[in-house]
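Two complexes follow with chain A in common, the first pairing it with chain B and the second with chain C.
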Partner chain A sequence: MIKNTGRKLLRNKSAMFGLMIILILLLMGLFAGRIASHDPTLVDITNKLAPSSKEYPLGTDQMGRCILCRLIYGIEISMFTAIKVTFIILLVGVPLGMIAGYCGGIADNLVMRLADIASTFPSTLLALAVVGIFGPSLDHLVLVFIFLWWAPFARMVRSSVIKLKETEFVMAAEAAGCSRRDIIMKHIFPNTLSPVIVYATLRIAAVITHIAGFSFIGLGSQPPAPDWGVMLNDGRQYIDTHPGMLFWPGLAIVIVVFAFNLFGEGLNDALIPAEEEMAVVKETGDSNE
Partner chain B sequence: MSDSGNMVEVKGLSKAYGQRRQEKYAVYNVSFAICKGEILGLVGESGCGKSTLGRLLLRLERPTKGEIYFDGQDITGYSFTEMRKIRDRMQMIFQSSANAFNPYYTVRQIISEPVMNYRKTDAGERDALMTEMLEKVGLDSSYLNRYSHELSGGQRQRVGIARALILGPDFVVCDEAVSSIDFVLKKQILKILAEQKKKNGFTYLFISHDMAAVKAVCDRIMVMYLGNIMEILPEAEAKALHPYTQALLAAVLEPDPNVKREKKILFKESGELAIPEAGCVFWPRCLYATETCMHRSPELREIYDGHFVACHYMKNKRTLEENA
Partner chain C sequence: MKRTKLVLNRILQIIPILLIVTILAFVLSNVSAGDVASVTLQSRGVQVTEENLEAVREELGLNAPMPVQYWNWLKKAVCFDFGNSFQTNRPVSEEILSRFPATLKLALAATLISLLMAIPLAVFSARYKDSLFDHAVRAISSIAATMPDFWLGLMLLYLFAVEWKIAPVISGSRTENILFPAFTLSVANTAAYTRVLRSNLLDAARGDYIIAARARGLGKSMALMKHGLKNALLPLITLVGINFGKMLSGQVAVETIFSWNGIGQFAVNCMKQKDLPVIQGYIVVVSITYILINLILDLIYMFIDPRIDSE
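And now, the complex of A and B:
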């Protein structure tokens, strides 16, 4: 099963293309200090709004900062933050979904009502409220995302667990004398993962656009941070004279989101049909009596 | 329990699914016993509660009502942990073998799981044990590293059998254990089951809709219809008395093309198999149903030595036969 999935994923060209972009960007983000020749926040007014040159491949912004360097440092803010946020969301949502699905009863009710609450809040509104109370900052924004977005993961895991609980192999594990821990960790948990992984990959893209979006309207990262959203906001005033200031960060966001979506779709193709295949096998297996 | 000759005994066992108001009984008020070293066949149509009953006996499902005794112990109220202590003595061969295995597990992991849970062995001993078991069911050690989805239906079913028998349990529920295996292998596996019974005194509940296989291995046959026991035949060749059993037997296909079979349909056609509101569960499809059958449900009564039938008209069974 794992072998098949890997092979399918490798054969999926668009997914591999997406993964390649993601990996390259991640490496660039990790070694931002080595690659970028300028300090992304170093102001040099004498050199402001410079056109593309050898030293500044994409030119400079209104403060004379290297746009390319800021984009490279921006990877850390958008991609790294988004990956971290999604990871924390998984850490919250998946166990809660497992508990709700496996235990049922009061635990299920409690978790699902919390999930209902989390999913009824419009993220923009809550973000505005939190930023209004605690002040604008990327950290506050991140907390809002975690607070709201664990819910769909919990729901997804819960429904898989409820389905899996009734399957014969889980019953067989109980009959084979497995402990509750083994049943949950070895038999139920691994089988809930495929949709979660797909959805998490797509969710990373969503977090990136949200961070950029909130930073653009001034509620997320604050200048002079090299956030792509902040850069977009800076470029707004120069759209007529220096469209590059708006274009490059915009392109960066598009590329990253595109890459994650491609990869997510590829994962979806590789992981989900594997299960459908199983369903087909099951049906034919039953009918040859 | 005082009677120690019974491996398993149930009294008034019921299992209902669904919400309070719309309870549907999969198993309804069932009482019977399986003696030690006996193979009890359980036959009935699809969806009549055979598998549910099998799972109830192993406490893989919680009974709604009734009591279950395993080797004299009342296990009805046993917790997960208490059950775990005796699960090595009772095993189950599951029905649909595609879903019966974790898709991430290899055959080695599947079969070694019960061993690791109950026996202290090292990897070498386990492998030897597993190879021996696989060879018994007509596979070999080359299958150990395969995933269940790489196996055919019949191979999967045999892996399921190997998993269930590797601990040498006292009691095995075989849920359609030989249904998707070809004829030759079926014989071989039935032989293994019978051997184990003879050698080690295994007790089986043999669930199947394959009357031929049931007749070949079972000591007694229990017939179920919509969650109720209709008849318990004291031996495989005993003459069926209940109209439902007769209908079931009449529907068995004859493998020999030279033997001409009188085609008889002993059922009334009915669209849906629903439990009637009152009376005998079988009356809507019974050819002999009368007014009484619609209002009063018959009890399972012993007609003669060990032959139980749940039908109002068993007193004058001759009339029944004449009508047929």
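And now, the complex of A and C:
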């Protein structure tokens, strides 16, 4: 099964292309200190808004900082943070979905009502509230994403668990006297993973867009952090004279997001049988907010 | 009977949510910005002394226990009285209401554009499945879905306002300038609607009633349009409604980029200035709007879905 999936994935050219971009960017982010020749926050006013040159391939911004270096350091803020956040979201959503699906009853009801609230709350609203209480920063913004986005995972896992509970192999395990823990960990949990992995990959892309978006409006990372959203906001005043300041950070976001989406869709094809595919497409159709 | 009970149940569900929202908004004022009394004094331009602080605390009822304060605040909030904005010194409800039409207009225009683009695209895409057109629509919609609206907006602004000078740089909330902000907002939704509608249509096309209609001699396109579209559109209602509700909370990035004076941009600016009454008012008003839209959607669904009676 795993072999088959791997082979399917390897044969999927667009997924491999996406994965390659992701890996290259991750390496760039990891070794940002070696690749980027300038400090991303070092202000050099005498050299502000410089055009592209050998030393500054994409020029400098309004503070004389190297735009390319800032983009490279930005990988850590956007990609690394997004991966970490998505992982935490999984840690919250998956167990809750397991509990709801396996135990049913009050636990199920409670988790699902919470999920209803979380999945209908506008993120802007909650971001304003949280940032209002704790002050604007990326860490606080991340809380909002965790608070809102565990819900689709919990729902997904819950519905898989409910289906799995009725399958013959789980009933056989129960009849054979397997412990609850074994049934959950060995028989149910591994079989709920496919849609979760697919959706998590797509969600990383959404987290990246949202981090940049909220930083752009001033509710996420704060200047002088080399966040792509912060860079876009810096560039806004120079739209008529230095459009490059707007173009490059945006392009970086689009490339990363596109790579994760390509890879996610490839995983979808490889992991999920065709007849179930529609279900995942529909679940993920519920907009990006 | 079952339906009445369901509807009542659904309406009652609002109460705990409203409580949570109002408590959140209230707690916000007490935790953020440090001491409310000193913030109030500063906003009035009065010197912060121990004496003045005590007077303001007395005046605002800040010496009362927390639940009593909440109750007093709630009584006013029910009448949409959130006090005056620290910055403009005008009533918060007025400030919010004066900006709401701009946000509403933008949300309506964006929804309209999305539907006008998504429905024909999805219908043709489903009708000519696996054709060149279908592939193009799917490729473009998957790119469009990944395009962050803030960047799309900036690029459109650069191209159309700065380079080609077709559109104004500052829209100033005027209806004649609504096209670019609304289009920017609509793109991601258009992509999502096209995808969902296309897959719904393809599901519907396999349904018995389509086969029956085809057997009666209806053309493939007519059968799909007359019978398939109606069934495929229903599930889209929820998605469109939820997105509409989200847009009503104000699209800060797009409003900022196009200088569209809506409530989102206003709320974020007030947040940065620690203008607490406005933030409280914003959270309460937007949440209520949002809760109501969700309620209406659910009720609509309860009335059109015949399965509810038989369940």
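Just so we're on the same page, the second predicted complex is superposed on the first by the 273 of 289 C-alpha atoms of A that agree within 3 Å, B and C clash if a C-alpha of one lies under 4 Å from a C-alpha of the other, contacts with A are read in each partner's own complex, and residues count from 1 in each chain.
Definition applied: contacts are C-beta pairs under 8 Å (C-beta built on N, C-alpha and C of every residue); 3 or more make two chains touch, one makes a residue touch a chain.
The shown structure was predicted, so the numbers you read here are calculated from the model rather than taken from an experiment.
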| item | value |
| --- | --- |
| Chain B versus chain C as contact partner of A:253, first or second or both or neither | second |
| Dominant contact partner of chain A by residue count, chain C or chain B | C |
| Which superposed partner A:133 touches (first chain B, second chain C, both, neither) | second |
| Touched partner set for A:232, first chain B, second chain C, both or neither | second |
| Which of chain B and chain C A:125 touches, first, second, both or neither | second |
| Touching partner for A:212 - first (chain B), second (chain C), both, neither | second |
| Touching partner for A:174 - first (chain B), second (chain C), both, neither | first |
| Partner chain(s) touched by A:115 [first = chain B, second = chain C, both, neither] | neither |
| Interface residues of chain A shared between complexes with chain B and chain C | 278, 281-282, 285-286, 288-289 |
| Touching residues on chain C, where the partner in the complex is chain A | 17, 20, 24-25, 27-28, 31-32, 142-143, 145-151, 154-155, 157-158, 162, 169, 188-189, 192, 195-196, 199, 203, 239, 242-243, 245-246, 249-253, 256-257, 264, 267-268, 271-272, 279, 282-283, 286-287, 290, 294 |
| Interfacial residue positions of chain A with respect to chain C in the complex | 117, 120-122, 124-125, 128-129, 131-136, 205, 209, 212-213, 216-219, 229, 232, 235-236, 239-240, 243, 246-247, 250, 253-254, 257-258, 261, 265, 278, 281-282, 285-289 |
| Chain B-touching residues of chain A, taken from the complex the two chains share | 1-2, 167-169, 171-180, 186-187, 190-191, 277-278, 281-282, 284-286, 288-289 |
| For the chain B and chain A complex, residues of the former touching the latter | 55, 58, 60, 80, 84, 87-88, 90-92, 94-104, 113-114, 117-118, 147, 149, 153, 156, 160, 163, 176, 179-180, 210 |
